[in-house]
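Consider the two complexes below, in which chain A is the common component and chain B and chain C are the respective partners.
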Partner chain A sequence: MAARTLRHLILLAALAWGCQALADDGAELVLVVHPDSGLTTLSRDEAINIFMGRHRQLPSGITALPVDLAPARAEFYQLLTDKTLAQINSYWARLVFSGRASPPRQAQDAAEVLDIVANSRGAIGYVRRRDLSAGVRPLVGLATWRNLQTASTAP
Partner chain B sequence: MTRYRQGWTTSTTPKGAILNATTLIRHLLPILLLAAGPVLGEATGQWPALSVRGFGTLGLAHNSNDQAGFIRDVTQPRGPKGDTRWDLDSRLGLQLDLDIGNNLSATVQGISRYNHAGNFDPELAWGFVKFSPDDSLDLRAGRLGWDIYMLADSRDVGYSYLWARPPVEYYGPLQFSKINGADLVLRHSLGNGVLWGKLFAGQATGKLSLDARNSVDVAGTDLAGGHINYETGPWLARLGYTRLDMEVDINGPVAPLMDLLAQFPEVFEAISPEDTYHLYSVGLVFDEGPLQAQLMLGYQKSEPPGVPDANQGYVSVAYRMGQWTPFATASFANALSSARTPELPPGLPLPAGIGDSFSANTTPDQTTLSLGARYDLWENIALKVQYDHVNVRRDGRGYMLWREQDSGWDGRAGVFTATLDFVF
Partner chain C sequence: MSNPIRSRLALRSTAIITALLLGLGLVVIAITAPVIARQESASQHRQLEGLVNTVEHTAAIASFLGDDQLAGEILDGLSNNATVSGALIRAGEQVLASRGDLGGEETGIIRRPLMSPFNRDEQVGEVVLASNQGVIREQVKAATLLASTLLLLLVIALGLCVIAVVVRMITRPITTISNRLHGLKVELGQKLDIPNGNEQDEVGRLVRDVNAMIDYLVNLLNSEKALRREKELNERKFRAIFENAQSAIFVTDSQGVLLSSNPAFLRLFDVSPQQLGGPNPPLLFDLVGDQAGPLQARLRQCLDNNRGTTVEVTLSQPGRWLELIMNPGGEGTVQVIANDITAFKHATSKAEQKASTDALTGLGNRLGFEQRIHNLLDGDARGEPFALIYLDLDRFKEVNDSHGHQAGDAVLIKVGEILRALARKSDFIARLGGDEFVLLLEGVDREDVCTRLATEFLAVLDQPLALNDTLSVSVGASIGIAFGETGAVSAEAIIAQADEAMYRAKEQGRHRYCIHRPSAH
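Right, the complex of A and B next:
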């Protein structure tokens, strides 16, 4: 019994160390929202619904304003949907040219994302962990999605 | 008689002074583009109020069979027949989106494509005002795409799909692509996914082609319909229904013949496509990472006695490998009863075989197997190649998806297509 508990502890420690190692260089992408958004977490399906324009509503009921960090867009959508930028752009071409929805606003750098998110209750964006600032609430690190396989860009 | 001159045109004839939508687009677009330049250029920090986007395709289609012309859809008057044509799949679209504020926006889209008249005169594809009081409701009014099937209202945007062209058996026979009317979208988060539905109603606008010389104006056709969708994870399912009351106006050499036959009500009733149609559809999409699969089915219930009920559908599977995405598609359309040649009154100066051509024109019976691949050259440019092997059974050889058929045609066609698709 004690041996089993010990094994679990070692496993947990290893896991924690692994996550720490991933986060250490601060390059991990982190979803961020306004401190008054009413959100403390967000599932991957919920993030897909918002960023892919299916339903622009935060789980707290506020209208969502998704923001892309242009230089990290390819990495973000690979993590979110396992799709390339060409696939994501194809998806948006269908929605844009049938007047259904517009793609997320494009921010050119982390400072712009943080500025938008800190000033709008419904805004949701992503920045690298090392760029986080006090004005926004970090929700979830996207490294946790790396090995999950749920994604969609259905029409 | 005094001729007058209007300020914005150099024409001195009253006819030339008529400003139609086409002229408007042609004259306004360059101006709007110039005006938009600075707005787009300084779009950092501010939400851009006006955005200009476009899409286009350069395509080459070759039909190895020289006994029937292959077309993309029923608006096209001619298609490759033992030769190669660039006009079948080539087109250019330009869209302006204006964010007015107060949850209002406006969109205008002009498109230039090979049309019923055999030219590329630009037309207004979309032009609507949209009101979104909250994230769960959209209301639009104006000129709208006909959203009857999944992808139907974006079938001109080649970059948005994998194929060189959408399966012709499913999207080719669509009577029109746009309506003047209104639609409403409602969304609701349910489980991990989103349940949403659309209702639309309006009047059709546009012209189809019967052949190189005869066209059909469908303006005046009333339609109403809707669809309900559920999207969750990699799945999207959709059920749709549209009812339309067809009204057609035939232009061209065949028009006097129709006028003549209209004097015999029972004959006219047997050949006229004017009446109610019910169009049912089911769509299922699975799209996860590199794998994409689609299944679409449609059923057309036709009330005109001379038009048979019909089924159509396709299944398509694709798998991305690096920049390449090979795909395979099987599609079909078939009438549920065979073509019935109407009895025409004797003694009229009618061309030989005209009765057969009336009934054959509305009786599909064909299958296509397609293989192809998309290569993503850049983030907004794709190259595609596709081969279609088409098999048309005897009843379907006079169908409106074919042009200039020779009587000895065996119903086979092999179509090679290469396209360059882009968005900007």
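Right, the complex of A and C next:
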């Protein structure tokens, strides 16, 4: 148990260091919305509710259209929900038959994400900071949540 | 054989053991049934908890998303379970889906809060499961019944085993021994056989003990038999002696009750067997007339001193003498041997009378006189007066010389008759020898009685005595009189005194009397 805890700590430290490095080169994932979405910030819980299909609208009342960046999906959900991609896939698999909730739309690269977000008022997605463009509004860097999480998790 | 339970060891022990085991079983069931019920109940509860565990994650997702479709599917799955009577999934306060009856019974309801799949701290809803208490009760009952049935079967099997063991190990050997004992001819020296296989155990020991006891009893019986035969022989012998004895033999107590007697007794006392065996048998004292008092006193004495004694009893009625030899017979009884000594007594008294009687005159002789006076003086009486008269004939020698001895004898006889006529009946008259006579007058202290007697006698002799038609003779008499009291004087002394007075009368001229006076000395 102690060894496992130690391993987690080392992993977290490595991640923190890595993300810092990424942030430094603009690799940090940043939530982006349409400039007219009415959002200036978004809490982590609100982000989870939207991306995991619970809320169909943005806090501002516009119908939400979440978009996944396929190459960064694992990293994003790890940061957002602290779950592996397999767990997330399993989650969506359970909901296939009910049809009440559906997974976010899949975009193959940052350009596609930026394109969707720039063209839809309710769209919400994530791209690396260095890929940001003028057509979208960056809301919050996920490193912030990670730091929060680290701060709250680490002693 | 009235009650087989009571008469059969195996049945009885079986009944007891079965009753004990049943009681024990019931107690065990009574103790375990609630435990089993509780465990079964808990197990059912655990099962329901398990069900909830299984669906919890999916239910949490359904709650998280508010997906009533998914929630419904989950509840459909749960409702397939027989023990589930109803279920419900809530998202927040809102009921997403519900199935069946949640009922009012709070005891069977499981509530599980549903946490957000992405945030363990956020409750997104809850799942509520109501168990079917009826079904659970049925299952608990079935489980309890099964356990009880198994226990009961175990008890029955155990009871059967005990019966088999008791019959095999105890009842059968005992029955075998008992049957052999019934047919055993102990007097022929037969013994019990030890049942096969029981040589080393308690049954074998029992049989050996019984055999030892048989031996002992047979020996005892034989010696007893020999003793009894000997005793019978002795008894018959003694009985014959008793029955055939000429002496009356009987046993009496101090009250004179006759406890046993022989035929001679009946003859002696002239009692019939019917009388003796009748409802009112005579007492010993009824048979001895006026001797009852003294005889009873002697019986008492014999018992008190615990010493044998001999009594002579006179039966006045038939005029018989009996000699009773009494010996204490223990326990307040007296054994008496009675003999009729009448003939002996008669012979004795006749001989005594003969010895003490003067054959010529029929008066007493010297021996008779001496006995009489000694009897008087040697007795216990004190101060009884008496008088002694000595009498000697005068001129008797002349009668003898001139007329012969026959005439002398006739004179003596005549004198005897005269004296007898003059004296009282109770006075004792004796001829001491030759022409010497003596009179002993008991109870007399008056001189005049004696002097009158002497005077009358002398007066008779004044006339010639007619001996026969042709011959008459004349004799005189010298008389000496003395007085005494019993206990105050000896026989020799009083005889000497009377003799001296008589000689004085002779000296004074004969044919007179003289009285001895103590003052004269």
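Some notes on this structure:
The rule is short, and it goes like this: the second predicted complex is superposed on the first by the 124 of 155 C-alpha atoms of A that agree within 3 Å, B and C clash if a C-alpha of one lies under 4 Å from a C-alpha of the other, contacts with A are read in each partner's own complex, and residues count from 1 in each chain.
Simple rule for what comes next: a residue touches a chain if its C-beta (ideal position, glycine included) is under 8 Å from a C-beta of that chain, and two chains touch if they have at least 3 such contacts.
Quick caveat: nothing in here was measured; it's all calculated off a predicted structure.
Set against each other, chain B and chain C touch different numbers of residues in chain A, with B touching more.
In the superposition on chain A, A:53 makes contact with chain C only, not with chain B.
In the superposition on chain A, contact of A:76 is made with neither chain B nor chain C.
In the superposition on chain A, contact is made by A:99 with both chain B and chain C.
Touch criterion not met for A:126: it reaches neither chain B nor chain C.
Shared-chain residue A:45: touches chain B and chain C both. In the overlay built on the shared chain, the residue A:145 is in contact with neither chain B nor chain C. Shared contact residues of chain A with chain B and chain C: 45, 54, 81-83, 91, 94, 97-100.
Taken in their complex, chain C has these residues touching chain A: 58, 61, 64-70, 73, 117-119, 122. Within the complex formed with chain C, the residues of chain A that make contact are 45, 48, 52-54, 81-83, 91, 94-95, 97-101. Looking at the complex, you find that chain B touches chain A at residues 44-45, 47, 53, 55, 93, 95, 97, 107, 109, 126, 128, 130, 134-136, 140, 144-145, 147, 150-151, 153-154, 156-157, 159-161, 185, 187-189, 192-194, 196, 231-236, 285-290, 320, 323, 376, 378-380, 382, 423. Chain A meets chain B in the complex at residues 43, 45-46, 49, 54-57, 59, 63-64, 81-87, 89-91, 93-94, 96-100, 102, 105, 108, 112, 149-155.
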